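Shared between the two complexes below is chain A, which pairs with chain B and chain C, respectively.
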Partner chain A sequence: MESLLHFARGPLFRFCLMIMLLGLARILFLDLWEAYRAYRRAGDKKMPWRLIVRRSLEWAFPVKRVSRNPQLYSIASILFHIGLIVVPVFLFAHIGLWKKAVGISWPALPFRWALWLTISTMCFAAVLLIERLFVKSIHSLSRGQDYFWLVLLLFPFITGFVCANLNISAGLYRFLMLVHVLSGDLIFLLIPFTKIAHCVLAPFSQIVDALAWKFPPATDQEIVETLYRFK
Partner chain B sequence: MNRVHNTKIVLWLITGLAAAIALNRFVFGLGATTNLNDEVPWGFWIGFKLSWVALSAGGFVIGAIFYMMKREKFHSLVRIAILTAFLGYSSFVVSLIFDLGLPWNIWHMIIYWNPHSPLFEVGWCVMLYTTVLVLELLPVPLESTSRYAAVRKFLLKFRFPIVLLGIMLSTLHQSSLGTLFLIMPRRLFPLFYSHIIPIEFFISAIAGGLLMLAFETLALHWMYRRKLETDLVRLLCSLSVWILGLYFLVKIGDVVLEGKVGLLFEGSWRSYLYVGELLLSTVIPFVMFVVPKWCANRKVQWIGTSIGILGVVLNRIDIGGFAMRDATLWYTPSWMEVVLSIGILSTAALVFIFLIETFHVWDIQPRDPEALAHTPPLFDRVSGAWLGNPKTSALTRHTLAFVISFAIGMALISGKKLHAEGIENVTVRPASGIDTLCINGNRDSQYVEFPHQAHIGWMRNGKISSMTLDSIHYVLRTGADSCLVCHHLNLPGEKLSICWECHTSMYSEVDFFRHDWHASSSGANLKCDDCHTPGETRTAQTARKCTGCHPSYTFADTAGNGADAYFIPSYVDAMHKLCVSCHTIESRVLKDKPNLALCSTCHRTGTPPGLRAGMKWDVTLPRFDNVVLPTPVPGVK
Partner chain C sequence: MKTTVITDQEREKALATIKKPEVIERQKLNVRYHVEDFDVSDRPRRFLEAFAAILKHSNYKMVLDHFIRMTARCSRCAVACHIYQATGDPKDIPCYRSGLLLDVYRRHFTLGGMVRGRVTGAGYLTDEKIEEMADSFYNCTACRRCALECPLGLDHGLITHLGRYILSEIGIVPRALVVSVRAQLEGPYHNTSAVPVPALKDTLEFLEDDMFEEKSVRIKFPTDVEGSDYVFFAPVSDYLMEADTLMGIASVFAATGDSWTIGTEDFDAINYGLFYNDRIMERVIKKVDSETRRLNGKRVLIGECGHASRTAKNFLPTFCGGSDSLPVMNILEYTHKVWKEGKLKLNPDVVTEKVAYHDPCNLARNRWIVNQPREVLRSFCRNYVEMTPKGEDNICCGGGGGTVSIDEIRPYRTTIGGKLKADQIRKSGCEILVAPCANCKKQLRELVEDQGLNCRVVGFHDLIYKAIEFDDSLKVEQEEGVDQVKNGQGRPSDGEGK
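What follows is the complex of A and B.
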């Protein structure tokens, strides 16, 4: 198990991390490339920039949006996101690993903060899962991916919590650590190819949304022709 | 099967892998990427890139044949040849950036001249010839726009002098790349070393350039499924026969006239290397192409050109680093060197394909089969989404290939090499406490408690007694040597120098004598002869002892060494050496203390008791870097 753990936090981790970083850069590039092409072809080149910026900011800090949506779900979602990002990035132990591997470090979260944020993230994930399962309006919007991701994201949090805070035997510690690292690797690997890609695409979603309504000149004719051809 | 697409995917995969290694090279250096060392500083790495220059020679050869000898048959090859030359030279320059220790100083050659160096000439020629190639090539992309018509017209007007300049520069540096090795008769194996090595390089480059062009033509026709211009390839091959024959004669003539025939049959791997290289680069392609019927056969053309190119590449690699005179100077190139070199080539190939698909380089501009009007649209296999127009869909797939192979490259790079950032220099902090010392040199959460007076008492009386610190002075005054067991060397004027005063670094050895300080004018300002006997070899053993100048130095166990022991162990090593050796002996003697030599007997994890109140939070919780120490046997102290 020791060698497996070594592999999972060494080569496998590097592979998954690179897939995530470059994969996200890739989809961002492709997204902007297509947006640029759409803009170039657009008949009407006027873009409602002010509206785009306002909407983007509104969705980045969805305070205004909370009241309009199912409230509990929105609040749980926001708090879930905070823990999800802050804990892995600012955990003391994770920073230590970075420092050991490549020599870079940044300020860490106090241990107790990390502890409570982990607990809160797990609780809010449970809330989100329950709502997705049992609230009709949310359930009807959920896909398989949404449930899968919630469960998958819980794995590293639970195992990390147990390893860091509970007095467990060395064998169980190693096993849980392996699960922790492997699930983390899997998350990294899947991020650029699933809905989690919104972590880089979200800021530009409003631009794409606005561009989608800008049809190139003579599009109607082309659509008619295409439909006729495939009839 | 879409050959164009598959070829591009393979090239993108190699490029991705090489990009990961390129990152590794720039972040962690040449040592972490290559197996090169001070004795074999060139090796495969340089030899391989020298061959790119050789294989780019087609640019000037075809230029000479077409523009100067007016052979119209070669018209369709001119642009391809110049593009190949341009990409070959560009790859060479790019690879130099990976190869130079301080790549940001690459421009120094332009300002700081060293006209005595062959590399100076090579550098300037490569730089100028690459510029010439750009000027030769520029009219091609300018064709597609009318905006720069004047520039294009100007360049075309001066085409002949530009081509002439290109031929001159190529002739100069193709041979002077060989001149580089003229200055190493003592390094190169005699079979490979020759006084006419510049001429050999020049001739082999011409042959290599022609074979490369033939190979490229074959490959392009295969890729785009065109009907092959067999006649043109045959022409190139039959032309190279003459050059190959000449090259063979020059090589054999050199071996015979210089009296090196015996070495050919020496039976060593270097002689095999030479014979193998001669067979590949001259004999086999010569035999294949000398018969006109064979020369027109496509299979023979494929095999012959491939073997010939391999031979030229092998020649450059051998001379670059494999064929050393000293057989012990062998090195195996690391996989990263090989992949990075091939990666630069694959990037060049991608640029080549892009340019021939975008501009009118080839006689008939090829197009990606997927971009043709009748090609059905492509869909993602997993999500079923349309991949977009041909350009976007190609980009989607190619970038995916790049990302995956880049990630594989990062995974394959040895974790150990990633850590190779040298030793972190941690300065030792003195122990705290008075009677019971808390030794924590790097001030982390691990420390050692050292009951000082108990140790003194034990050493003084052979058992633990209640001797106080005050009695140390008594011990020192009365000349008892028990203190000197640990305080084995005292600084001038001191009688109780503390460990950290000399062992100043936590993990690395320290130069406690400080030779440079003693010799420098701002330090002790001593002349060499003040310590070293004139006429004798200047070593530590023959030098004057420390006590010669510092009579108040007191040596205990290092007395015999004196100034020999310039380097003293790190704090950690010194402590372990001092404590563990005694503890090990005592744990065997003292039956009631079997745990005496265990790590956990001395090492404590957490906050020292006296400091706990001042800490903001308790750090005794399990931590990633905590050492889990063995538990002592219960009930036994």
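What follows is the complex of A and C.
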């Protein structure tokens, strides 16, 4: 198990990280390339930049949005996302691994903060899961991957919390640590191919929305001709 | 703001169809609105062909790819949707509705979807799915309020817009819309209500006489004046039903002395293309451009009409010359500008009732026109009240997206679509509701009637007309004026711009 853990933390981690980075870079490139092409084709190139920046900032720092309905879901979702980003990146134990794997490090989060953030992330993930299961509007929209992701994201948090804070046997520790690392690797591997791609695409949504209403000029005849060819 | 879910009885009334069973059978389409007969054979294939053609010649692919890569289905949009709040039906959640089309795109136009579809043998587009889209996309009023609530920025209004566009290419489009567009693009009078030019001129002369009697000022509706600063396009229904709005607009120009004109070749601002087909929208907007250029006008001025204003403002540059296109202004912007310049005198003792302002989605959602009309109204309406939410976050009247023109779905519009708005109006306690949009006005008046609300719906310039005061230099003694009219001097000639 030790060698498996070593493998999961080392080569497998680096492989999954690479897939994630390359995958995200690919979809980000495709997204921005398509946006650029749309801009080139648009008949009206005047973009509402003020509105785009304002709305993007509103969602990057969604303080204003918390007060809106549905409050519980909004608060849970925002705090869940904060924990999800901060804990893996700024936990002291992780920084050592990052340094080992990719050769860079940065200041760590105080242990107590990391502990509370981990607990809050697990709690808010549970809230989101309960809402997905029992709130009619969310439940009716939910797909398999929406449940899968919440559960998958909980794995490294629960196992990490248990390993770092509870007195457990060495065998169980190694097993849980293996689950912790493997689930983390799996998350990295799947990110570019699933809805979690929003981690890099969401900041550009307001630009895409504005561009979406910038139509190419004089397509009337072209569409008619294309449709005629089908017939 | 929230509303309660409708009762079963209300649901039955709202969702009832007046279509004959044989028509449903013949068209193989069970939707509440009337559709002209169309080719029903091989509909899924034709839908996909139309989708492919549109994707090839538009920018929609970019946005569809962006949306399918990250849609999270969090359902935050549900609380923003006035339709879902009234029905409580998950099929009315904007994300569900968008999912109908996104699923088709994913399945038939992405490599992953095609492979998965081949392997599982599932997900093919069927007649049932097309019928569901035909129903769902016309339940939505395309108000785009949900887009503000989506953390990932999905614009569900755009998906509704695209869904309707594709459906229209295979013949599924409400008859009410297509008949109006046909009259506008192919009819002899070039407008959606088929108003002949002599009738238009008669109406304008009649209104001029009315204004003279009421204000003692010779206020004119100049027609076909070349070189005017503003070429004015009102929704044609205003000439039939909104005399006070038109008189208010003419009064503002009389007070400022700016040159404006109404072109008689094309005077209708209505552009139903926005509601169902980009190609139609392009053709209509080009008519507005060519009429303004024919008259050598400097600016396009759109009357009290939300969708027409948004269409002209956003798409005239798209289809008619980009940065070199004619500038577009809405009449509310103009009136606000001249009011700020001190050119309007509005009597604060005339409108004493409790007044509230309704934001048309097409003017307010992108924060284009929000504060301007409010500033003017507050200056002379003593008893002005705000409805919340407002501005960018306003609640749709329930007749947006062209649905107000579909008379056969009125029970749906006033029981479901307008329920949240009705609650908001009731809560405000207003006696006069100002709605600077022809579509909103029609819907809100029907809402007032059907929901038993205690208020009157008027246009913005209706109140301006009531309150406006003119300099004595502009006033003409009634008898002198009548003499002048008798001598042929009182009425403006069509060639006069000022």
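The definition used in the following text is that the second predicted complex is superposed on the first by the 215 of 231 C-alpha atoms of A that agree within 3 Å, B and C clash if a C-alpha of one lies under 4 Å from a C-alpha of the other, contacts with A are read in each partner's own complex, and residues count from 1 in each chain.
Methods note: a residue touches a chain if its C-beta (ideal position, glycine included) is under 8 Å from a C-beta of that chain, and two chains touch if they have at least 3 such contacts.
Quick caveat: nothing in here was measured; it's all calculated off a predicted structure.
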* Asked: Fit or clash for chain B plus chain C once both are placed on chain A?
  -> clash
* With the two structures laid over each other on chain A, which partner does A:62 touch: chain B (first), chain C (second), both, or neither? -> second
* To do: Considering only touches as defined above, state whether A:34 meets chain B (first), chain C (second), both or neither.
  => both
* May I ask you to name which of chain B and chain C touches more residues of chain A? => C
* In the overlay, answer first, second, both or neither for which of chain B and chain C A:72 touches. => neither
* Which superposed partner A:93 touches (first chain B, second chain C, both, neither) -> first
* So, does A:209 touch the first partner chain B, the second partner chain C, both, or neither? -> second
* Residues on chain A in contact with chain B in one complex and with chain C in the other? -> 30, 34, 37
* Touch list for chain C against partner chain A, complex -> 2, 49-50, 52-54, 56-63, 65-66, 69-76, 78-79, 84, 88, 90, 93, 95-96, 99, 147, 149, 151-155, 158, 169, 278-279, 282-283, 314-315, 317-319, 322-323, 325, 366-367
* Asked: Contact residues on chain B for chain A in the complex?
  -> 20, 388, 392, 395-396, 399-400, 402-404, 406-408, 410-413, 415, 418-419, 421, 617, 621-625, 628
* Complex contact set, residues of chain A against chain B -> 10-12, 14-19, 22-23, 26, 29-30, 33-34, 37, 92-93, 96-97, 100-103, 110-112, 163-165, 170
* Of all residues in chain A, which touch chain C in the complex? -> 27, 30-31, 34-35, 37-38, 41-46, 48, 51, 55, 59, 62, 65, 68-70, 73-74, 77, 135-138, 140-143, 146, 195, 197-198, 201-202, 204-206, 208-209, 211-220, 222-224, 226-227, 230
